[in-house]
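Both of the next two complexes hold subunit A, though its partner changes from subunit B to subunit C.
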Partner chain A sequence: MSSAVTDAPSKPSLIDSISPSSVEPVEDKAERAEIDRAMRGVVLLFYGAAIAWLLIGSLFALIASLKFNIPGFVADTAAMTFGRIRPAHLNAVIYGWAAQAAIGTGLWLMARLCRVSVRHGGILYVAWALYNFGVTLGILGILSGAGTSVEYLEFPRWASVVVFAAFALIAIWTVIMFRFRKPGHVYVTQWYILAAFFWFPWLYATANLIIFYLPVQAAVQGPVNWWFGHNVLGLFFTPIGVGAAYYLIPKVIGRPVHSYYLSILGFWSLAFFYSWNGMHHLIGGPFPAWLISASIVASFMMVIPVITTGINHHFTMKGHFGALRWSPTLRFTVFGAMCYTVASLQGSSMAIRSWNQITHFTHYTIGHAHIGMYGFFTMVMFGAMYYIVPRLVEWEWPSATLIRWHFWLCAVGISVMFCALSVAGLVQGFALNDPTIPFLASTRFTLAFLWMRSVAGLMMTAGHVVFAASFALILLKAGSRRQRPTLFAAPEESAA
Partner chain B sequence: MPLLLTGIFLTFLTSWIGLVAMPYLQIGRYKPEIDEVTKESLPPAFSGEADQGAVVYASNGCIYCHSQQVRPLEAGSDLERGWGARRTVARDYMYDKVAYFGTMRTGPDLSNIGARQPSLEWHYQHLYQPQVVSPGSIMPPYRFLFVKRRIVGQPANDAVKLLPPDQPEPGYEVVPTAEARSLVQYLTSLKRSSYPLPEAPEETPAK
Partner chain C sequence: MSYTYLFIAGAITFASVFAILAFYWAAKHGHLRDVENGAKVIFDEGEPIGKPTDAFPGYLTGSTTKAPH
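Showing the complex of A and B:
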């Protein structure tokens, strides 16, 4: 049944071939199967909802993108005005797609690595329903004009309260899973997931309380907003994405992570430095200089965890890059991990004041946001889903062709989007920075690139539709039962 | 596990202290300052209608194209573009209920738009027909903030004088809704850094 063990065939040595301990004990396989069965309903629900929101969020994105080139496009309906569709897109893909993909993946990884299944798992079903109810309320709130215009916190209060309650339930269950884990070594992925689920409810509650419930003066809201906004990316999505990559890469190629000590360094330096980055969103703004400088320094110190993780993943993969030829999981995950390095190093550079002077307020920042949340996080989540779903459904993906289309549409799409937005942003930024160039020209220069961005977005949306179709087919157990995992090509006979 | 949780908690706490608690202590406790000459408070408080206009600003997501922060000379060309007499400082936002600093400049910075465009008429026209008022602009029209109706008796006092080709047919007028009126009150009261403050003298960009 489970394809977990046979992903990376390797030639056994003579001793291996006669030693009973080189064959995996039945109890381990049975334990994994039991955990998969216990987690099946919850994880598939979160994944299904995530994919639905991905499609909705992609549609919002297309509408928003077209408005740059066609300002009158559906402009007479208040609900479709750019200022509402754009935050609807952001919240749908962040809280609808990305967070639920993170929750599903995090829960499964935690269950498997802690080797526990969830008791009173019915509560997680309630959490799922509550969470999606909250997100739906929030999106409808934004479209109907109740959005707050505080970035990443646009949901009206009556929606964010529901989202928080749901997330708190999920976080508690994750911590419980960790607390009652089977004795044995704790793997780096478990730290990352525990930390992410611990940090996010705290971030969400604090930011909402301070900005919307307490009467703080407006100037304080800037730092709190971006302490939250950046930490959602750095202390929730990044740990889950990096943690997932740390699990998936070794699993698929059948080799352990290159260095345990590097992974510890990577984790703690991320925990400490990332949380101080937030003010780099406000360089040049009306805030104390020490605060901005502290964030710039922290943004640069991020090079430490990023290079550490990059080295660790690279040396784990070294000699096995050929596996990218046949493994869908690996292809998405390694693409994602590489985008993580690119996005993070780019981010560090954008915090330098003289460079920030050019890129701030431009499409360059949007390009950076997408190479991070999409190129890195979303692609790693696709990789995780391609790995996890067959284990839950006890069926293999019906079509390697659909997976191939999914990968190439999304990989090419995000690459084109990133390049188009980066060039657009630089042209815009240099124009803005030259006071002899009229303001309207800075926008005019971006228009051709924004058409390219719409085309790229269309490709990515098509990729999402293909993936949704694959997901529906595997849930329906379409096609005939396969003996081997669905791969792009036959794996090599010997591990390099 | 206790060690892990303590570490996770402590690293997070340091950032909370640095980016939440300290900003509150440093820039979150302004008292109004009174100008010695005019006896007005600095910054001036918003009128009630302007406060409502800020909600309309948020409701329609104006921040996703417009910023409200003027960078100093060494950090950008904001001042050279005439977007303010000086950079904005934290005190300038004292009376805002919610801060709308913004992170995109698809459109120009609005911190001092009330000083640059004081005419209510200009704002109504611009919201209704941005491409006519600013040729080349990609700002979407906000016609849903207005009502086109048949003229009954006399034309309304605040009927908007539109430019071709959006002028209503004879017998009809275009009138701003309450939302449009409050939004324009808000926009025309945005003069955040049009005057000096003790902590922020006016800056003259070098020619």
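Showing the complex of A and C:
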């Protein structure tokens, strides 16, 4: 079977692609394998960098976690003090690992779903270099004491501007690809990715602008911070994670999404409700009551897209749960999708004022953050990587054993962490609200649970090391090539 | 102080207009119609409906007979 592109058009110039008067090329559709090959370099770069930051971020996490039980642990080094190592962990895993996994996955999905030859891939290489340069600068800035102390925006200005520039390039590429996509239906995943890559630069630029460059009054900075922080989760990471799941689950089991209509409903309700949620991080704070109440209402309206997505994934999987035994991608993705439902419903409950009174400022919130960003997002990203990397490298994962270890270490790790921190947080919260219990006692209650957190973190880190090893091995094309892996037959062979 | 209100009002207006335009564009170009076939666009002749496309290494081709844990 010869390639569908008979008369390959000459590569369009950047000016052509951006100019509003350019028309879509008529016969530019490309074979799936061709698209995968075109995206190979850039997606592997983003994934490789993401995994490296995951290891670094995990190390920072372990150091930070151990300090709770061993206060003197590396306390003499300024860079390792909690005030620096905790934001270093946060930023390394959010911007280093999670965002790059999101970008790599989003770019690949975008290329696949546009179904035309990839345009201007060079932009993405520049974006990758800029992005990692920016993140490195940022982390070093935090460790050297130049962090801004604004949560999720701790990178010093000179680093965040580089990160923004990189992201702007990615957003531009995405719009160009979408513009010149193969005509026809726009699959729901594409909506999610386009939206995510549009929302993130807007969020990042606005938050940085009005907190650092043209600062609003101090009391307003809190709401801006949490508008940003929450929306990064819900308008960047969630769309990429949910969008990826909407592509991966049907593709792996070979069955279309149960109710495509519901997926459209889910996307639009997410878009309309999500951005109002941010103020639920500030319940009880010195802010207008209507602002907080609006966020609580929006937090409950979020139940609509969450249940919608949950129903959709469940009924798509129904009858096919056996596939969890033989598909690594599905294991991670379904685990992630289930955590998405749990984390979101938990989040909605945490927005209730009386409930928040107990859980705010406790470990419960941290447990929630991790079941969301790790249990949901990170696990879905692992699933995506298990699907995508073989298609880029044209080789199978070398070892099922490594995959199994990776899954169980991470799944058990995050479950232990979530349970430990939730219980610790509740105990802590009730104690803090009880004036007869001294503050120190409320902290002492948590110590055993914090040991459990460190142990869980160690398991998860071990899982990451195992995954990094798998990744290195598949890049090196280790292991014997299995006989005719039907998944990766070149187009000429699939006619057989 | 006053430019903050302007900024916020402007942002909300921009966001709402953009969202409405996007939704309108989707409706106009038929993306909200024919949802059943919309779900099937990710399949093609090479990866049709009914064919799984992922497995533990060696599992689909029979070089391991046991399903991994």
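Note that in this section the second predicted complex is superposed on the first by the 450 of 496 C-alpha atoms of A that agree within 3 Å, B and C clash if a C-alpha of one lies under 4 Å from a C-alpha of the other, contacts with A are read in each partner's own complex, and residues count from 1 in each chain.
Here is the rule we use: a residue touches a chain if its C-beta (ideal position, glycine included) is under 8 Å from a C-beta of that chain, and two chains touch if they have at least 3 such contacts.
Please read all numbers here as calculations on a predicted model, not as lab measurements.
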* So, on subunit A, is it clash or fit between subunit B and subunit C? -> clash
* Asked: According to the contact criterion defined above, which of subunit B and subunit C contacts more residues of subunit A?
  -> B
* Asked: So, does A:Pro87 touch the first partner subunit B, the second partner subunit C, both, or neither?
  -> first
* Asked: Which partner does A:Val216 reach: the first (subunit B), the second (subunit C), both, or neither?
  -> both
* Examine A:Gly367 and indicate which partner it touches, taking first as subunit B and second as subunit C; both and neither are also allowed. => neither
* Should A:Tyr247 be classified as contacting the first partner (subunit B), the second (subunit C), both, or neither? -> second
* **Partner chain(s) touched by A:Trp268 [first = subunit B, second = subunit C, both, neither]** => both
* To do: Once the structures are superposed on A, label A:Glu396 by its partner contacts, choosing first (subunit B), second (subunit C), both or neither.
  => second
* Asked: Is A:Thr206 touching the first partner subunit B, the second partner subunit C, both, or neither of them?
  -> both
* Answer with first, second, both or neither: which of subunit B and subunit C does A:Leu330 touch in the superposed model? => second
* Name the contact category of A:Tyr387: first (subunit B only), second (subunit C only), both, or neither. => second
* Do any residues of subunit A touch both subunit B and subunit C, and if so, which are they? -> 186, 206, 210, 216-217, 220, 268, 271-272, 275
* In their shared complex, at which residues does subunit A touch subunit B? -> 67-69, 71-72, 75-78, 81-84, 86-87, 145-151, 178-179, 186, 191, 194-195, 198-199, 202, 206, 210-211, 216-227, 231, 235, 268, 271-272, 275-276, 278-279, 281-288, 291, 294-295, 353, 356-357, 360-362, 365-366, 432-435, 439-440, 442-444, 447
* Under the touch definition given earlier, write down the residues of subunit B that touch subunit A in their complex. => 1, 4-5, 7-9, 11-12, 14-16, 18-20, 22-24, 26-30, 57-65, 67, 69, 71-72, 75-77, 80-81, 87-108, 130-131, 134, 136-144, 205
* To do: Spell out the part of subunit C that touches subunit A in their complex, as residue ranges.
  => 1, 4, 7, 11, 15, 19, 23, 26, 30-32, 34-44, 46-61, 63-64, 67-69
* Provide the residue numbers of subunit A that touch subunit C in the complex, in ascending order. => 32, 113, 184-188, 206, 210, 216-217, 220, 247, 250-257, 259-261, 263-264, 268, 271-272, 275, 323, 325-330, 386-387, 396-400, 403-404, 479, 482-487, 491, 494
